[in-house]
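In what comes next, chain A is part of two complexes: it sits with chain B in the first one and with chain C in the second one.
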Partner chain A sequence: MSSISGLIFSAVFFFALNSFCSATARDLNVCNECEYKTIADALLASEDGDRIIVKSGEYKEHDLAINKEISLIGEGRPEINAELKGAGIVINRSNVTVSGFKIRNVDVNYLSEPAGVRVEYSDNCIIRNNEFENTFFAVYLAGAKKCEVLENKIAGLARTESSSGNGIHLWKCRELNISGNEISGHRDGIYLEFVSSSFIDGNFSNKNLRYGLHFMFSDSNSYSQNTFETNGAGVAVMYSKFIIMKGNTFRNNWGESSYGLLLKELYDGLLEGNLFYKNTAGIHLEGSNRIEMIGNDFIENGWALNALGNSYDNKILNNNFINNTFDISSNASKSNNTYSGNYWDKYKGYDLNRDGTGDIPYRPVSLFSMILEKSPESIIMLRSIIVDLLDAVERIVPSVIPETLIDEKPSFQKRT
Partner chain B sequence: MLNIILITALMLMGCSKEISPIDYGKDQCAHCRMTIVDKKYGSEIVTSKGKVFKFDAAECTINYILDNKAEESDLEMILVTDLAHPENFIDARTASFLITPKLRSPMGENISSFPDKETAMKFQSEFGGELYDWNGLKQLLGSR
Partner chain C sequence: MSISILKYVFFDLLRSRFIITYGIMLALISLGVAYFSNDEMKTSLTLLNIILFIIPLVCLIFGSIHFYDSGEFIEFLLTQPVSRNTVFRAEYLGLTLALSVAAIAGLIPAIILNGITVSALFLTIISVAMTFIFTGLAFLSSTINTEKVRGIGLSIVLWLFLAIIFDLIIVLLIILFRDYPLENLIIIFTSLNPIDLGRILLLLKTDASAMMGFTGASFKLFFGSTTGIVVSSLAMFLWILIPYFLAIRIFRKKNF
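Let's turn to the complex of A and B:
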């Protein structure tokens, strides 16, 4: 009996405690006529669980430190103007939300790397629906876990690559969700260093000076359904393992030594259903092993795939190669990768038994692309009759191009 | 006569072993392929034949030397950037180096370079970390 009454007592006590707690969570309003005139004052007065509601208007504040578990919410897109005096918001506590703001004019400092919103060693943060303009770094997460960066619009005024920071900079983080952001005018759109188990989905990264997205030493991540357009180069995945890349678009990354996707020392990856359209090189593959490239479209690139000889055990299956100047180029005399079931628009074979597969194998490396690897200046000969002749002879009597670089079962139809 | 002087001058120019400044944002690192952007960390090798290799960080330069088993005697100049004066090259062989996680270099080894030990120690007192000279740094990276 006494145990039951004890149980009831503790239940009632908990209920009371709960309602007591929620009663103390307050809304603190910030505006010209409100109780709090500045965001800094409201932050000082706030306690864990509070919401700070900032009404529209311009707030000339900087280095706003959030040390409590609160939500900082902008209504009518209030503007935080740091006036090049320092950083915007700095979060030092877990369970903090920042949404609905426009943050402008963060100072440039190469040593302290100030940002529009910076998160230091905190978990479960949400940075959502903010606009960033002329912030040296826009969003900067260091040592963060389980954070979400969603639907932000980030515009840098990067004049030169070196005087700008990254749009979304992630360092030593895990289990992040970076989705639906628009990033332009920064050094790298999204930059990951020592980041794991994270998702980067549905972002639009364009007109960034170096890369749209950049992985360094970051394992077990996935990026899907993003568009990378007109960046210095599209995406660079470097010194990483286990990366999934699905349904992305790499478009218009033109320029000397530019590419849609650079894979440099990536081990174990899946690249599926992506579109590479109008890049100098669709993919540049170097020192990368065990990557499966399945069902991608390579359309109107200079080189669709530049596979250097130090890449092993990669599988290139069921892709479409259409209107590329060169399909595959390689500097190796041997290929250690598997090509099968791809559609090559330059394939001149036939399909007498009508099984959808060409009856003779296809060699996707042209003799001229091999010559070009050795002496890039010979590009001046492109489309000359000599080159056509050389390629024709090589097709009939293969002698120079890698013997094993061959698609035994070229598809006769485009994969749709 | 004028022609001969001109031609000789051109030939001499062709053979010179000159430092070529890094075009930040355009040049690629010869080791890691990354576009070189951080003006505090650019590095360069000029070989005794006058060939120039550019790098985005001192760690890439060292790894490139180690990977290619290059002899130091074949390298006319090895240059790193003075952290306190971006875009200014200093001689790597006489430079002092500081490794501290508080100064993050582009390739994750966090190596900063300074023209002399005094300056390096000044930064060490502010940012912490370990001091190295060129040979010590090469040994450290070679042992990985």
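Let's turn to the complex of A and C:
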């Protein structure tokens, strides 16, 4: 009897204590003169609901594991220097916030993949306003849900693709919000694998060795208003469904095997209002079906759109094609995609009834780009007079270029 | 003696209506191109196309016309105690220098607007090289044919061949034999045509070279390397020297 009442008593006591504690969430200060000298000590002493305030200064700590529902907040941008001994912060619990830090010098380890901030199987985390420098992986989310990665500045020192990590690495996550980050000097700027229902908005990803953004097996995501500049191979979206891409800028991805945007095995996507400027290939479409490209600007690319023959039922509507060396190229003799209402700067037709639509259809594939697709050596004739002549002849008497690859209603004015 | 004939021919030509018009026309074109395109690389590539089209044509046709027109002057000079070599050299250099001056003057507006860049330098070198090569060819066709019409006709055929038909043959070769590894053959073939050489050398200096891609890598490897530049410069020099010496051989034995 007494044991039962004792149990009840202790349960009530602990409940009261617990609620008391969470009602008065404490602030734990960390600095040289504070109660806690190291972040690790403060983490050990903290309880759910606490805030750990880290004052400015350098903290030579690594592998800081957060197992409680706390907020870790840096004031005056304190620096966590892992001194190449391990990872920075590892979050194993839901409802954790990390903000205001500068995290440096994370170890390179191909087995454990250490990161500046790593989140493992936790929900509702917020990683905001941190700076990462020379962190193997900067932010690494594995099995996370409803997390936010906001306004971080990430700079890596990647030298080769095989020896470097990704800026923001997302694996098997759901409902994330990745916004306003600046990422450079990594293998992939943002990498997604098995991620769904997430938003990637307003990030600036540049000078990464491979892709600025890399999608694999990630359905129902949206990315908009991002800028991808001077990345080794641009942006790759592969093996995914229902992707929305709006208002992004793909710029200066210029090199031998570089794309603005590589779409491979992508189904049911929407591309709207993006700018492709000075890429070797603006969009490279391979095995991708039912994608709508509406109102995009393709300006000064080598190839604006390279649509391989295994891409079906894509709609290319109301886009601007300006100053591209080749507008469309394709290796197929038939086109299974719809082109309509686009503005082509090379269009030489007329508009007699002044309805804004050209009266004769436009064939966006030039003879030379067909030849080039079949025998790539002919690139040596680029900008030769004979190429212009052949294209002109083909335009007057079409015989080689695909009959069905045609814009029946080319726009007469530039689309706005 | 040679110098004084050269000076006379050069300054006489420089004052001629044709050379002045030619220079002004090139200058207007390069001014227009540089003014309306905001990109230095694009300007260079457009100018390159124009230069590779116009300079060979003008040099071939005007070279032939000039040679026939100065026939009486040459005959008069040959009655004086000067060797045929001296007269020919002075005529050739006088004309090429005058045409080069006009070509460089034509490029100056673009250089002023865009600054002195690697591609501008290349463009200038290519223009001068083209002038030397095609004036030599013009003199060759004029020494072969005593008749003016035939000489000019041969010049036009030469231009058609090197500017258009040669490239057409290469394209056909590439299409017909696309199952075979053609890279080295294409490199040899394009080195045989000065117009193609000029085009490829400048192309590799611009960022259009990135479009060469995977298969173009071997071209880039060759033409971008020091060996490639030495070989193509050598080919250009041969294109200047061979027509010149062939023409001078014929000129020495020519009956006037």
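To be clear about the criterion, the second predicted complex is superposed on the first by the 392 of 416 C-alpha atoms of A that agree within 3 Å, B and C clash if a C-alpha of one lies under 4 Å from a C-alpha of the other, contacts with A are read in each partner's own complex, and residues count from 1 in each chain.
Rule of thumb we're sticking to: a residue touches a chain if its C-beta (ideal position, glycine included) is under 8 Å from a C-beta of that chain, and two chains touch if they have at least 3 such contacts.
Being a predicted model, the structure only gives us computed values, none of them experimental.
Q: Based on the superposition on chain A, does the combination of chain B and chain C result in a clash or a fit?
A: The answer is fit.
Q: A:L150 in the overlay: touching chain B, chain C, both, or neither? Say first, second, both or neither.
A: A:L150 contacts neither chain B nor chain C.
Q: Could you tell me if A:G302 is touching chain B, chain C, both of them or neither one (first, second, both, neither)?
A: Touch partner of A:G302: chain C, not chain B.
Q: For A:E286 in the superposed arrangement: first (chain B), second (chain C), both or neither?
A: first
Q: Once chain A of both complexes is superposed, is A:V108 in touch with chain B (first), chain C (second), both, or neither?
A: A:V108 contacts neither chain B nor chain C.
Q: For A:I371, is the partner it touches chain B (first), chain C (second), both, or none of the two (neither)?
A: second
Q: Quick check for you: in the superposed arrangement, does A:E193 touch first (chain B), second (chain C), both or neither?
A: In the superposition, A:E193 contacts chain B only.
Q: Of the partners chain B and chain C, which touch A:G232 in the superposed model: first, second, both, neither?
A: The answer is first: A:G232 touches chain B but not chain C.
Q: Check whether A:I386 is in contact with chain B, with chain C, with both or with neither, and answer first, second, both or neither.
A: second
Q: Applying the touch criterion given at the start, work out whether A:A40 contacts chain B, chain C, both or neither, answering first, second, both or neither.
A: Neither partner.
Q: Once you lay one complex on the other using chain A, what is the shortest C-alpha distance from chain B to chain C, in Å?
A: Closest C-alpha pair between chain B and chain C: 10 Å.
Q: On chain A, what residues does chain B touch that chain C touches as well?
A: The answer is residues 257 of chain A.
Q: In their complex, what parts of chain C are in touch with chain A?
A: The contact residues of chain C facing chain A are 39, 45, 48-49, 52-53, 163-164, 167-168, 170-171, 174-175, 178, 182-183, 186, 190, 196, 199-200, 203, 207-208, 210-217, 219.
Q: Would you pull the chain B residues touching chain A in the complex into a rising list?
A: Against chain A, the touching part of chain B is residues 24-25, 28, 32-35, 37-40, 86, 103-104, 107-108.
Q: Sort out for me which residues of chain A touch chain B in the complex.
A: It is residues 110-111, 160-162, 171, 187, 193-194, 209-211, 216-217, 232-233, 236, 238, 257, 262, 264, 284, 286 of chain A that touch chain B.
Q: Write out the stretch or stretches of chain A touching chain C in their complex.
A: It is residues 254-258, 280, 300, 302-303, 325, 371, 374-387, 389-390 of chain A that touch chain C.
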